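Look for chain A in each of the two complexes below; its partner is chain B in the first and chain C in the second.
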Partner chain A sequence: MRQPFGQPSRRSVLAGLGAFGVAASAMPRMAISQDGRVLRVRSYSDLQVLDPAFWVSLPEADIITAIYPPLVAPMPGDVWSWKTVAAKSIEQIDDLTVAFELLDGITFSGGHGKMTAEDVKFSIERIADPDNESPYAGDWSALDQVEVTGELTGLIRLKTPFVPLWTTTLPTPASCIVSKAAFEAAGGQVTTDPVAMSGHYLLTEWVPKQRTVLTRNPDWPGEPGGFEEIHIIPIEDPATAELGFEAGDLDYTWTAVSSLPRLKEDPPAGSVVLEKPSLAYVWLGMNEAVAPFDNPNIRRAVQHAIDRQLVVDAAYYGAAELGNGLVAPGLPGSRDGVTYDYDPDRARELLEQEGATGITVTLDILNQSERLLAAQVIQANLADVGINAEIKQNDSGTFWSLGASDSPDYDTMQMYLQRFSMQPDPSWATVWFTPEQIGVWNWSRFDNARFKELHDMGLVEADETKRDAIYREMQDLMDESGSFVFFTHEVVGVVHSEDIAPGLKPNGEPLLTEFKSA
Partner chain B sequence: MLAYFVKRLGLAVIIVSVAMLMLFCMIYAIPGDPAAVALGPRATDAMREALRIKMGLDQPIWVQFWNFFTGAWTGDLGREVLSDRPVLGVVLEQLPFTLALIAGGIIWSVALGIPLGCFAAIRRGSLADRIVGILSVAVIAVPSFVIAIYALLIFAVQLRWLPAIGAGEPGDLGDQLFHLILPSLAVGLGWVGYIARMVRASMLEVLEASHIRTARAFGLPDRQITYRYALTIAVLPTVTLLGVGIGQMLSSAVFAEIVFARPGVGKLVYDAILTRNFPLVTGTVLVTTVLFVMLNLVADLIVGALDPRVRSSF
Partner chain C sequence: MSEAVSDPQAAKPPSDAWRAVRRLLREPLGVLGLTLVLLMVGGAIFADLLTSWDPTRINPRDRFLGPGAEHLLGTDQLGRDLFARVLHGGRVALSVALIATGISLVIGIMLGLIAGYGPRWLDNLMILLFDSVKSFPTVMLALALVTLFGPSLTSVVIVVVLVTVPGYARIIRTQTIALKNSEYVTAARSMGASPARILRVHILPNVIGPLVILASMDIPVVIGIEAGMSFLGLGVRPPTPSWGSILNDGFTSIRDTPWIAVAGGIPIILVTLGFTFLGETLRDVFDPRLKAR
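Entry: the complex of A and B
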C-alpha cells in the first residue's frame, strides 16, 4: 500500500507553492483521461475485502471480477446474458452437470504459476463449504462437487437442478478463480492485499479513502482491458460525485435519481446521460405481528389508501415508473399490476368497520431524500382516510437492524418503507420473504407456507412459462396478505464522458473490464 | 515549573480517561447491531454471532470497557471489523489529511483576517470599516458546508480552475496543495470574520496605548507605528483564539471532507458510524481527543512558561 502523502521532494515542495500562486489564474483544467490511458470512475465505498468468498459491497465485486477472472461474466448491453471470461467454453450437459474448459495461458501474478482446473475446484468449493462461512455459500447451495477431469477441464456437479446458476451464480464473483496455492499460503482468505491476481487488470495501488488503481495485466491471454489504468475513487455522496463529474474529475459516475431530470434536460458539456432500468424494488411494509397491523382489514385499508403513482412521481420527480411487485420487468414473474387499487372510500369503510378511524401509527424510513418525500405523500394519503402516520427517520446503521429479532424495535415497528436491490433472477427477491427470514429480513413477518413451497419450486423449475406463473402467484399472495404496497423498481442514472464507451450491465452497474475509449 | 507540568499532565490524563468513558457509553448507546450492518443481508445468524464474538460484543459491557481502556493506554485500539487492519494505523494514515486541511484553514483565516481587521481599525468609522464589519459577521454566520458547496460550484464546476474532489496525486505535494485550496477555504473562511473582528478591536485598543502615542510624538511614520508596534501586540489574542478554534475547525473538516470527497479522520469517523464499525469509531475519536488535549497542554505550558502568574495560580 502506498503512503498517502508520499515522500515530498524539494522540487515537489516548490511546485506546490507555485500551484497556490497560479491557481487563481489557471486555465480551465483538462481531464487527465483525455489521452485515453486513464479511466476515472466513482465507487460508492472504499474497499475492505477483496475476496470472492467474503466481499461486502458491490464496488468490491467490480474490482474482484477485474483481478480474479470469473468463468463467465455478464454481457454488457440491455439484455441480461453472459459471456465467457476465464472459461474457453462452458455448457450445461444435463440438469446436474456443467462442463468447462479454461482458457489456456492464464497466469497468476507473483510467480504463482498457471491457472488450472484445480484452482477452479478450490475457488468454488471454498465458497460452498459451510465450514468457511462464506456469505455467498447460498449461491452454490446446489453444488455437489467440482470434478477435475484434466489440467484445464472439469465438471461442476450439482445435487439438484438449480436454475439461477446461469443468472445469479456463474456471472458473479461466485465463479471468480483464485490461486489455490497462493490463498492457502495466505491463510485461506485475503482482505485488502489481494494475492496472485490473473484478470484483465492487476490491483497496483490502494490509497485508503482516496483511490484504488487497477493496471492493465500484460499477461492476460484474452482481449486486453480498455485502459492502461483505472482509477476507482470512493465517493459516498452521489451529489458530490455529480459535481466531481461536472468539474472534469471523473469519467463515469451514476447519479441520484432526483438529479436525472436536470441532467437529461441540460447534460454537462461533453457528457452522455443514460437512464437504465433498475432491478431494485421499493415497497411499504406492515408488521403483521404488531397492532394494529395484526388485523388484515387494517392492512388492506392502507393498501387502498395509498395512491402509488403519486408517491412514485413525488419521490422520483417523474423519473421512475410505477412498479407492481418484487420482480422487475423483463424477468420471469414480472406483473402488469397489483391486486388492490387506490380506493380511499373503501379504506375509510374498512377502518370504520374495525373501529380504527383516527389511529396513530409509525412509519420507519431511511434518512434519504427520496424516502422522505415518498413517506410524506404516504402520510398525507393515510391522513386522508383517518390514519395519523408519524415518520421516523433512521440512519443506515439503525434502519437496517430494525426488523432483526434481536433489535429493540422488533416488537414495536409498525410500518417501514424499504428498498432492496437484486440480481437478475426472481428467486433473489422472493427469498427474503420466506418464513425462515422472519426475524432476519422478512420484516413484515409474512408467514405463508404456500409462498415457501413456490419459492422452492422456482429454484428447480427450468420451464420459463411455469417459472413465470410461480413468481406471479407468489406476489399475488403477498398482495393478499395486505402487508405490502409496491411502488417502483426505480431507475439508474449514469453520466459518462463522451470520450469513453462504458461497459454496463442492463441495470447500469459497471463492468470495469468492458470500458473502452470511444 | 516541574510541579506545574506534572499537574497539567495529570489533568490531561484524567480528561482523556473521562473522554474514553463517555465515548464508550455513547458508542454502545447507538441502536443497530454492528455485526448485522457490517456483514450485510446475506450473512447467516452464525456469521453474525462469530463477528460479535470477534468484536468482543458477547462480553459483559464492563469487560468490553476494561479491554478498550487498557488497550488504548498501551496503544492498541483494536482492529477494523472487516479488513482486520490495526485501527491505530488506519487513523494515523488519515490524520495528515485532516491536519493539512486545518493548517490550510488557519492560513486562509490569518492571511485574510489580520489584514482586514487591521485595515478596518486604521479606517475606523469609515465606509470601508462598516463593509468589513458586515462581511465579518456574514462569513461567521454562514455554515462551512454552504461555503464549501458554493466554492465548489463556482471554482470547480463553473470556472474549472480548481479540482472538485479528492486530495491529489499521492506523493505529489504540488497536486495535493492544489486540491487543498477549496476545502481549506471552506474550513477557514468563517474564522476570517472572527479574526478580523478580534484584530480590529485589539488594534483600536493598542492604538490608544501610551507607547503608540509616544511613537507618534517622536514622529515615526504611520506605517511603522501600525505594523511594527501596534499590530505585533494586537495580534496576540488572535493566537489564543486560533488555539480554541482548532476544535471547531476539526468539526468543519468533517463537512469539507464529505463535500470534497477527501480522505481524513472526519470522513473516516462518519463512515465508521454509519457502518457501526465500533473499533474504528472509538479509535478515531480517541486519537483526535488526545491530539486536542495535547495541543491544549502544550499551549498551557507555553503560557505558563511565559507568565509566572499562571503557574502560581494553578
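Entry: the complex of A and C
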C-alpha cells in the first residue's frame, strides 16, 4: 500500500537521503571566504583563558593578540623579525631601557576610553608582579618598571640586560595592552569573557566547543583586519580537521605531520600545502614526585627502554626528524644527540636492581592520533623491558591542566607525553622547567638549582657561543635527571585555500591579524 | 523399522525447543542470522587458533599493507595484523555485550518486579528514577562516567547497564502489573504464598521469555555503544583491540588506506545484522502475534 503523502516511509526517507547525498557531492567545494567576508580557521583547542597574563594554549594567544594589541608582533614570512602594532615607535635606547610611543587613537570597547601609557604600565607590570603568579612572569623577569613619560609615551626599564626581549617577550602576548580601568573593575583578570578589547578584531561570540567569532574592529586606527569575521573552529584531531578542510568547512588548518607526505604529493583541489620548520618539542615526561618515578634509576630505565627513532618514525610516518632536546636546530643550545641511548638490556638491569620488574604505570596523553601512535610504540617498548604502561587518553581541557597544582591529577600523574610550542629563543623553552614552574608547567617537578642558575645566566648573556654552551648544559641536566625522553621538533604542515593569503610566522604558526583575501 | 515404530521414545512428539529450532531453520533470515552470529562468536573464541599474529605486536615498517596471504586483512598504521585485531576485538565486543546485557537483565528484572508488584508510591518513585536515567544522552553519560572512572572496559559496562536497565525494568513492570491481579496469582496469594514466592514462581516465568528475546535484539546496540565509546577514546585502553578503535584508526588513516576502516566496520555490520535477523526470527517463532507488527 502506498504511503499517503506527508507520511514518508522508511524507503522514501532512505531514497531522499541518497538523493541529497548525490546532490551534495555534486556541488563544488564551498568556501565562505570566497566573498572576502569570513575566514574559517581551525584551532586545536577551545578557549579557557583570554588573558595575556594567564593564557593556556597557543590558539588563545592568537586570539589575545587579535583583541588586545601587542606593542609589537612577529612579522609574517620566513625570517624571524617584528613589526609595530600598538606602538607607533619603539626602540632600545640602551641595554636597560626601551622607549615607546603608542599609536594615537586606539580605544577600548565598552566605553573604556583611549589607550594610554598608563595601560601599558599596568599590562606589563601585572605580568611581572610575582604576587599575580602569572606563568609568564619569566618573560618580564628583568623588568624594573614601566615609566610613564606622557599620555602615549613611556620607558620600559630593565634591572639587567635581557637578551630574549625582542624575540620572545615583546612580540608575544606578554606585550599585549589591556585597559587598566576595565581589568581592575573585572577583578584583575579575565577568562573567556574579555573586557575592553581594542585590537584589529573584537571577540563577539563564543560557543563552547563549536566556534569563536572575531569581528573586525571598526575603531582600530591602523591597517584594518583582512576579514569582516574570523570563525575559529576548535577541532582537536588534525585528521578530522583535514577532512573538514577537504569538505570545504575550513579555509586554513594545521595538518597532522604524518599527513604531510600525502598532502604534498596530492594536495586537495583549490588548496596550497606548506611545510614549515617547527620550533616545538615533543617529549615523554616522568613525574619525579610520584612513585615509581621518584626513583631516578627507574626513570633512567625508561630512558634506555625507548627507541626514540622508532617512536618518531611510527608516529609521523617519516615526516619528522629525531630531536635531541628542547632547542630546535638553528637556535643557540641545539644539540646533536642526547646523553642516554636505546639499551633495553640496561633498562632491564636497572629495573631488576630496583626490584621494579612488572610494574604498571599510567601514561597520560592528549586524545589525538599522532600522540596515540607514539604512545603505543612507547607502550610496546616499555612492555619489552617489563613495564606495563596503561595509556590514558584525555580531552584537551583535562590534559592541559594535568600538572597544575590545583588539578586532581597533580599527585597521581606518573608519565605524560607532551608537546610545547616555542618562540625563537631557547630561554622560552627552558623557563617552563625551572623550579618556579612546578605546579604550573613543570609537570615533571624537575627541581634543579644549577638549571635555574643557568637559565638566569642565559637571559643576560649576549655572547652567542656562551649562550650555546649554557643551553646545552641545561638540556644535559634534564637528561641526567632521567625525567625526560626527547623525541622530535616535528615540522609544521599547513593547508589553506587558494582564496586566502595566510599570515604565518616562520614556524607556520598563524597570525590571525595578518590573514588576507588572496 | 518395526523396532523403531514400537519404540515409545520415537513416538514421543518433539519438544517445544526442537520445534522452535526447526521453525528457525526454515526461516532464511534466521539461518543467515544464526550463521553470522556463530561465525563472529566462533572467530572471537578461537581467535588464537585462527591466526598466529599477536594483535598488539607493532612493526611500523609494515604499516598500511593491503590484504594478502600473510596478512589476510592487511596491517594498520603501526604494522599490526588487522585480521588478528578484528578477531580479538570481537572478544571485547561480545564479552561486553554478554556481560553488560546479563547484568542489565538481572537488575532490570528485579527492579521491574519490585515496581510492578510493590505499592503505588514505590512504583511512581521507580518510574521517575527510570525516566531520569533514560533522559541522559548516552554519549553525555559516557563522558561523565569516563571523567569519573577513566576509560576502561568497566566504564563501558557501567554505561551500557545504565542505558539499558530502565527499558528492561519498564517492560517487566508493565507485565507484572498485568499479571499481579490474574486469577492464579490471586489464588496463590489466598493460599498464603509470600510476595517473593509469587514473584519467583508465578510471575517471573511468564514475563521473562519476551525479555530475553528483546535482550538478544539489543546486543547489536550494546556492541554499537562499546564501539562508539572506543572510537571516541572512551572505551578499552590501547593497545587492546576493539572494533571501535580499529574504526578510529581507519578514520584517521582513511586517505592512506581504506582497509583499516573496512576491517573495523565490516564486523560491526555483520554482527549487527546477525543478531538482528536472529532476534527477529526468534521473536516470530516464540510469539507469532508480533510478526505482523
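Criterion: the second predicted complex is superposed on the first by the 300 of 518 C-alpha atoms of A that agree within 3 Å, B and C clash if a C-alpha of one lies under 4 Å from a C-alpha of the other, contacts with A are read in each partner's own complex, and residues count from 1 in each chain.
The rule we apply is simple: a contact is a pair of C-beta atoms (placed from the backbone, for glycine too) under 8 Å apart; a residue touches a chain by one contact, two chains touch by 3 or more.
Computed from a predicted model, the values in this text were never measured in an experiment.
S.K.: Determine, under the contact definition given at the top, whether A:161 touches first (chain B), second (chain C), both, or neither.
M.R.: After superposition on chain A, A:161 lies in contact with neither partner.
S.K.: Applying the document's definition of touch, where does A:390 land relative to chain B and chain C: first, second, both, or neither?
M.R.: In the superposition, A:390 touches chain C alone.
S.K.: Counting only touches as set out at the top, which of chain B and chain C does A:372 meet: first, second, both, neither?
M.R.: In the superposition, A:372 contacts chain C only.
S.K.: Now for A:248: first (chain B), second (chain C), both, or neither, which partner does it touch?
M.R.: A:248 sits against chain B, while chain C stays out of touch.
S.K.: Who does A:237 touch here: chain B (first), chain C (second), both, or neither?
M.R.: both
S.K.: In the superposed arrangement, which partner chain does A:296 touch: chain B (first), chain C (second), both, or neither?
M.R.: neither
S.K.: Touch check for A:221: first (chain B), second (chain C), both, or neither?
M.R.: Neither partner.
S.K.: Going by the contact rule set out at the top, does A:398 touch chain B (first), chain C (second), both, or neither?
M.R.: both
S.K.: Name the chain, either chain B or chain C, that contacts more residues of chain A.
M.R.: Comparing touch counts on chain A for chain B and chain C gives B.
S.K.: Which partner does A:435 reach: the first (chain B), the second (chain C), both, or neither?
M.R.: A:435 contacts neither chain B nor chain C.
S.K.: Find the residues of chain A that appear in the contact set with chain B and again in the contact set with chain C.
M.R.: Shared contact residues on chain A (touching chain B in one complex, chain C in the other): 237, 243, 398.
S.K.: Touching residues of chain B toward chain A in the complex: what are they?
M.R.: Its residues touching chain A are 30-34, 36-47, 50, 80, 82-85, 90, 93-94, 96-97, 152-153, 156-157, 159-167, 170-178, 181, 258-261, 263-264, 267-268, 271, 273-276.
S.K.: Quick check on the complex: what are the chain C residues that touch chain A?
M.R.: 56-58, 60, 63, 77-78, 147, 150-151, 233, 237-239, 251-256
S.K.: Inside the complex, what are the residues of chain A that reach chain B?
M.R.: Those residues of chain A that touch chain B are 2-8, 12-13, 15-20, 23-24, 26, 28-29, 45-46, 48-49, 56-57, 133, 135-136, 138, 191-192, 205, 207-211, 233-237, 240-241, 243-244, 246-250, 395-401, 404, 406-409, 420, 432, 440-441.
S.K.: Could you please specify the touching residues of chain A with respect to chain C in the complex?
M.R.: 237, 239, 242-243, 256, 259, 262, 310, 313-314, 317, 367, 369, 372-373, 375-377, 379-380, 390-393, 398
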